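One chain, chain A, appears in both complexes that follow, with chain B as partner in the first and chain C in the second.
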Partner chain A sequence: MDLSVLLTFLIFGLPLIGFPFVIGIGYIKKNYSMYLGTSLIFLSFLISVYVFFTYTVKGIAILYNFNWLPSLPAVIPVGVYADNLSMIMALMVSFVGFLIILFSVGYMKEDPNRHVFFGEMVLFTSSMLGLVLASSLIMLFIFWELVGLCSYLLIGFWYYKPNAASAAKKAFIVTRVGDVFFIAGIGAAILYSSGGALSVAGLSSIHLVWQKTIVSLLLFGGAIGKSAQFPLHVWIPDAMEGPTTVSALIHAATMVTAGVYLIARTYSLFTPTSLTVVLYVGAFTIILSGLIGIVVNDIKRILAYSTISQIGYMVAALGLGLGATSIGLSIYQLEAHAFFKALLFLSAGSILHAILNVRDINKMGGLWKKMPITVTSMFIGALALSGFPLTAGFFSKDVIISTSYGVSILAWILLAIGGFLTALYSFRMFFRVALGKPRSNPAEHAHESSTIMLIPILILAVFSLIFGVFQGGFYTFLGGSPVSLSTMDIVPVVLMLGGMGLAYFAWGRNSTIPEKVANGARDFYLLVKNKFFIDAFFTNVIAERGILGLSAVSDGFERKAIEGLVDASGKLFQNSGKVLRKFQTGLARQYALIILIGLILALVLLRIFILTGVIH
Partner chain B sequence: MIFQLSYLLLILVLVILASIIARGKVPRYLTILFSSIVFFFVVLNDMTLTKFDYGTLSILSLSFQLNFVSSVLLILVSFVGVFVALRYRSSPGFFILLQFLFFSLIGLFTSRDFIVFYIFWEMVLIPSFFVIGIWGGKNKNYAAMKFFIYTHVGSVFMLLAIFTMFFTEGASNFSMVTLTSGFRLVPAPYQAFVIFGFLFAFLIKLPTAPLHSWLPDAYVEAPSEGTVFISSLLSKMGAFGLLVIFTPIFLTSSFSGNSAVPIVIIALGIFSLIYSALVALYQKDLKRMMSYTSIGHMSFITIAVGGFLYLNGSNPLASQLLYYGAVFQLISHGIIIAMIFALVDTLEKAAGTRQIPSLGGLARKLPVLSFLILAAFLASVAIPGFSGFVGEISILLGAYAVLKYYLIFVLIGVVLTASYHVFALQRTIFGPYNEFLGNISAKREELIVSILPLALIFILGIYPALIFHIFNIQVIQFSGGIHP
Partner chain C sequence: MTILGNYDYLWNVFILFIGAFVVLFTSLVTEKRAVLVTMGAAFAVVSLMLTFAQYYGGVPIGGTLIFLTGYSKLFFIAILIPGLLSLIGILRSPSSAKPGLMIFIFLVSLGFMLLAISSFNLLFIFVAFEGVSIPTYVLAAYGKSESELEAAIKYFIIGAFSTGLIIFGISLYYIATGTLQLGAVPNFHSIYFLSMGLLIFGLGFKLAIFPLHGWAIDTYTGTSNSISSYLSTSSKIMTLIVLLNVLFTSPLFFSYLKIIFAIIAILTMTFGNVVAISQNNVKRMLAYSSIAQAGYLSVVFLVAGTGAINLALISLFMYALAYGFMKGGSFLALDSLGNYDIENFSGMWKRNPAYAVSFAILLLSLAGFPGTLGFIGKYFLFLSVLSTKTALAFLVVIISVINSVASFYYYGRVIMYMFWRKGTEEKVPNNYILYASALFTVLLGVLYFVVFSYAQSILPAITTFLSGGL
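The block that comes next holds the complex of A and B.
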């Protein structure tokens, strides 16, 4: 094992080994765990940078496998694999993760359990780093599950809130549904390649197209759960019950990007059939969540639906099926999104910190004057999110929309409408937050946050603005062809400006347009407002009626039928004992009669047996 | 170096006698000694295949064998011994019965003669029966009788199956090797009966739904220390039977290429998994819920054995994953379920109740206990890093080769299992604190002892090779499911 491998291990190993110490040191002094946690992730980032510039840039891919279960003849490889794709992910995860944890130092400084919080954040980031650097599907799955576990723990961090406990449970179960598809996908990969495809480098050992389709669709099932695509997106809006920094980490750097990364990593398995599924699941999710984002009032939930929608772009980009170019488009969108979504969440966190966690945007307003730095950063985030020219989102998203034109007109239409919706909901949120007069008491007393919270916000704001310059190099770095601007890019820009303008007319000033529209299209409004009844369907129909109903039936069956049957057979023997006891009369004459009857019966039976040939 | 089994049994008899003579705390400490001796016995025999032949006694062949499944199970026995003795301050009588039970289990897991095996199989019932019947809860008599009679019904069929093998083969003794290898020549109807008899006995003991109804009563009514060893060890008898005794018999029989029996076994396993999860979801008593967890975990072994028999060696990789996954699941489930039941007991003592609706938000008042319960539950859900993951993922991955699309049913079971665990966590340790509980605290020493299983769960989860090293040599000798 040479230095490069060791360093790659350290990228995720250092915080992974360090996280118990982060919690442990908190028992000495709680603030120590904040410093230790932050520095661990910072070290990871430094190592990533070193590995990136020493090896990856020079075209050296680091691969090291060992057998997870030695002494079994079956070889189950686990280890690290650091190529361009994984390293660019690792850089982003550690960098954005570091900024978010730095922000948490200010944000969580009064929480009595902050040592646990920082321990879990460190574990979360290191699991995600392990996930992107994994060399085999098993290893990837191990970290995939750890990421899910951390999200469960962190969403439920304020466990005493009933909503948080319930949201954590929902997140765990819904992503678990995705995870089992992943398991089935690994099982299928093992079967169809005799184990060769376990290693990420050996995925090409599955040859037949139908086998590839099965494996890729199963893996995509896992990705849907983690990346919150339709129909398994329901956990993410509820997950907003956790601390805002957790949401930032889940949405920007870890967790939801894991699914996209999984597809990119196993891209060689995706056949045209499965790519079509991927494309339309992504495109459909964009429209669905974009529509919901317009009617939600909770600032964090608006951001949550925007994440679902932006992840939809990444998934759709992969579904375009352009090989390495698709991966480039998708991962570039992923990284740009990581910056501006982290920015938006952190500025939202900064606002919530200032206004006592009132999350309803109708109760904000006029914050631009009260918190100029935070809200200006949020403005940059909103611009980048909706793809305003020359911001990061413009370079990442509009290219996806334009490229899709060459693949499928339907997809192009959906993606372009999605761009319009994105501008609409992000500026609806922004105008409601920033403009007008404060609409509640906490909003009137808002004040700018502390410096330690502003530093990460400003860094992210800068990245959201300038990340576009990397575009061309990024695509070629991931092996794709550079995509340049074309006249097609005008369409999304026009739509985006239209959405922004519409948002200003509807929500940037006093206006009755939203009510009129809502009343005019009442049925459609209610449909969207109720999130297309998908949540209600899962919770009320499947979980409460279906599973709990079945469970009640099973419990009844258990008690009445199975226990009843066992008890009844017990009773049968007891009662037959009671009946037979009556024959024990003690009268010799009766016994003699019974013996006689028995003898005759025996002889008759013997005769019958001989006649029928049973006994010779 | 070989540590003779005869010496071991002799030493253990002496320890049991010493426990009977001694009073007070001594039997408790002797249990720890007992367990350590068992542990050293396994370790000194290199944890590999060791045979012990002591000739024949009339029609019995006194041959014993320490193979990799029994090595794993003996280590589990010694773990349970140490854990129960450290965790519970029960009466001396309990520890004497416990040692007697361990003695029987050691005989059971090592014997290579059907009658000796059967004798030990029955001997195990006696201490368990008394533990439930003497120290049990308010329904103890019912539970003890049900447990005894129900598992005995299975044993009767096993005995009949053994005699059928013996007489139809015209063998001179009951040696497993002879009877198993000659089994192919037996007429098919008798073979079918033998397969049914063994399967029936082992599936009851495992238990597999719908043959499980002795289990919830026995687990709930038994005292906590009883539940720990019954859940951790007695279910392993059925699993051991399936893996080491039933598998070779089936694979030598003329039914070996036939897929009907394996499919039935797999179907029972899947049914058991889903059914136990559904019933568990509805339970209000935490201890009762966890006894269904035990059924769910063991159904993975049923699925693995069924899949292994179905493949019949045709896919070596999947076969290995299934078989070794099942063996790993044995020890992992043994540790996890012991920890869970011990924690449920601590919780019951602290809060005064184990009814889920009466709990809530315990993380506030009992942070350490809540952390331990959370960890144990996550281990039970098979989160990576905990030992439960290794066995379950191996079985699931191997099962794909057998089940293909039908794997969806197993996966539904996995999701349901996760659901009721998380649902129970939400209602017990998370959420707002139930103020009716007042100011409660857990016993410190009980919590400290629970770190032992937790550490083992972590170590095995992070470095499963520790257990897989035991398989070192046997892997090659283990061909086609037959132990030489």
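The block that comes next holds the complex of A and C.
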């Protein structure tokens, strides 16, 4: 094993080994956990940077496998695979992870359980890193599930709040639905490639188109669950409600990108049929969540729906089916989104920290004067999110919109409307937060947050502004062709400016337009306000009618049939134990007698075998 | 460096004998337990290190008396490690006034164990075997209480009885084959099988397989913890390997005797588990579980004469290693407590968390919980048996797995008492042997492929001298 492999293992191995120590050291002194956790993630980031510049930039892909279960006839490879795609992801995850954990040092400094929180954060980051560096689908799946576990733990971190506990359960169960597809996809891939597809590199051994379609659609099902696309998007908004802002963020910026990464990693399997499904699921999700984003009032939920719609762009970009260019477009959007969404979440967190966790944007207002740095950063984030020219979002998202024009007009229309909606909801949120007069008591007493919380915000703001300069190089780095600006780019910009202007007229000043619109299209407003009844459908119809009924039936069976059987066999064991104990008299002569009887029996048996010749 | 020719390969044994005398003479000067145990342990460690460092590439010693291969090396290690643990355990128990003599006897028997497993001559095996038996009779009697004496007397009576069987078996073996060397082709088949039956029952008593188990319960329960641990780990592994040598080299063994072993293995594990369920004394429970474990270990005889021998030996090594850590560790753990009733374990989590966690790890490993070395050993052992693909093998493995599941009941009961029952608040002193055993059980359980590939690198590709029945 040479140095590069060892280093790649260390990127995720270091925090993975370190996380029990992070929790353990917290029992000595809580603050040590914070320092240890932060430095572990920072070390991971440094190693990623080193590996990136020493190997990846020079075009060296690191691949190392060892056999997980040497005794089995099938080879189950486990190891690392670090090519351009993985290393870009690893850099992003470790960098954003580091900034988030740095922010948490300020944000969580008064929580009594913060050592556990930091331990979970470290485990989360390491699983995410393991996921992107995994060399086989099995290993990817293991880390995928670890990420799911951590997200369950982090969402439910304030478990004494009923919202948080139920949101954690919801996230866990909903993503599990996707995981069933994922594991079926792995199974199908192994089946169709006669075992070759256990490693990521072996996926190319699936040749038939229908087999590829089946495998890719199943894997996409997994991605839908983790990346919160329609119809499995319902867990993210709830996940934002209970937990800390910080953990909300790591979901928005890192965890949900796992699904996108999965598609990009297995991109060679996606056939035109499955790509069409991917494209329209993405486009549909953009519109759906964009509309809901305009009517919700909870600042974190707005960001959650915005996350869903931005991931919709990544998925749609992959669905365009332009090979490596698609991957480039999608991953570039992923990285840019990680920066500006992290920025928005951290600014939101900073605001909530200042106004005592009042999350309703109707109760904010006038915060620009109270917290100039935070809200200015939020402004930058909103600009980048809606794709204002020369910000990160412009280079990442608008390119996707204009590229889609060449693939499908319908997709282009949907994506462009999505851009308009994005500008509308992001500036609605921003104007309600920043302008006007404070609309509640806490908002009047808001003050700027501490420096340690502002540092990550400022770093992210800078990145959100200048990230666009990497665009050209980024696409070619991932093997795609560079995309140049064209006249088509004017359309999304115009739509975006329109959305921004509309938002100002509707929410930036005192106005009755929103009410009038809501009353005018009452039915449609209620439909959107109720999130298109998707959540209600899942809860009321599938969960309560379907699954609870089913489980009642199997519970009855289990109680009556199986438990009786188990009880009976338990009694049998206990009673025969009591009988057999009687032979243990403690008399040595009796033991010798038993030995003798046993010996004679054995010899007689042996003699019978030999005479009859039954066994040869 | 050559001093004694091929005998140089036996320095790991000689160092134990030398150590025994050094400790004995030191005890004339001082009877301080700590000093003597440290010296004894130091010699055992040196012996272990010599074993690790030495390369055994099929060395014949004393004509055909001893034959050393990588196979011997593996089980030297599997015997020395639990021996070392038990030796350190003497620090706490028993409360005898003369630890010097005790360690002398201990080291001598340890040395003979190594000789016993490396020999392929029945007379030599007999001598070495008695060289183990007689010191262990004394060790079992060491201490002051009546229970220790009773334990030793029972052990001694059954031992003497078995010696008779062995001697009789050896004489018949000589009549049948005309030699005392193992692996000879018999001229008289009926007498040969009679002798094999006698040898199995004579040698097998130390393994405590089913009809030969009676003494084991009383002896393991009665003697001091370090000796219980020694008798149920090192001594048992030694017996298993001696039996393996006798039977695997036999050209006629497998067509008939395999089924007897299948029956013995099934009866042994089922008996051990079933009776262990209704025990309330933890030490007695461990004694019964040690019988059940002997049943799992003897499953290995089913691979004899097939291509699975190599995998089976590697897995047996892993299981023996695990067995040494978990059984030795759990017996020695009892030293921290005055009373072995299960009630006395309640509230352990509050009284000494490290103790509770480590003891729970060892119990889970004994039950075969994934992530521990006990699971890995069992898993590979059963896998190797399954790979022979006979109906008998499937039957035995299925019953073993059912037994493993049933054993969760009585191991889990102790864990439940330790973590969820409220009991006395009395503090429990730390037991570092327990912690070390638990650590190794988990560490090697996770990094099992390291152990696996180490064993693989030592064991020659085909252990030809063991495939008599092929």
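FYI, the second predicted complex is superposed on the first by the 538 of 616 C-alpha atoms of A that agree within 3 Å, B and C clash if a C-alpha of one lies under 4 Å from a C-alpha of the other, contacts with A are read in each partner's own complex, and residues count from 1 in each chain.
The definition used in the following text is that a residue touches a chain if its C-beta (ideal position, glycine included) is under 8 Å from a C-beta of that chain, and two chains touch if they have at least 3 such contacts.
In this text the structure is predicted, and so the values were computed from the model without any measurement.
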Counting only touches as set out at the top, which of chain B and chain C does A:His207 meet: first, second, both, neither?
neither
Report for A:Tyr159: first if it touches chain B alone, second if chain C alone, otherwise both or neither.
first
Regarding the shared-chain residue A:Val177, is it in contact with chain B (first), chain C (second), both, or neither?
first
Once the two complexes are aligned on chain A, which partner has more residues of chain A within touching range, chain B or chain C?
B
Looking at the overlay, what does A:Ser554 touch: chain B (first), chain C (second), both, or neither?
first
Return first, second, both or neither, reflecting whether A:Val566 touches chain B, chain C, both chains, or no partner chain.
first
By the touch definition at the top of the document, which applies to A:Ala168: first (chain B), second (chain C), both, or neither?
first
With the two complexes superposed on chain A, say which partner A:Ile186 touches: chain B (first), chain C (second), both, or neither.
first
May I ask you to decide whether A:Ile610 touches chain B, chain C, both, or neither, giving the answer as first, second, both or neither?
second
Using the touch definition from the top, say if A:Gly598 reaches chain B (first), chain C (second), both or neither.
second
Check chain A for residues that touch chain B in one structure and chain C in the other, and list them.
70-71, 570
Which positions of chain A touch chain B when the two form their complex?
68-74, 138, 141-143, 145-146, 149, 152, 156, 159-162, 164-166, 168-169, 172-173, 176-177, 180-181, 183-184, 186-188, 190-191, 194-195, 547-548, 550-552, 554-555, 558, 562-563, 566, 570
So in the complex, the part of chain C that touches chain A is made up of which residues?
153-154, 157-158, 161-162, 165, 189-190, 193-194, 197-198, 200-201, 205, 210-212, 214-215, 217-218, 255-260, 271, 273-278, 311, 380, 383, 406, 409, 449, 452-453
For chain A, which residues are in contact with chain C within the complex?
66, 70-71, 570, 573-574, 576-578, 580-581, 583-584, 586, 588-592, 594-595, 597-599, 602-603, 605-607, 609-610, 615-616
Show which residues of chain B lie in contact with chain A when the two form their complex.
146, 149-150, 209-210, 212-214, 275, 278-279, 281-283, 315-318, 320-321, 324, 361, 363-364, 378, 383-385, 389, 393, 396-401, 407-408, 411, 414-416, 418-419, 422-423, 425-426, 429-433, 464-465, 468-469, 471-472, 475
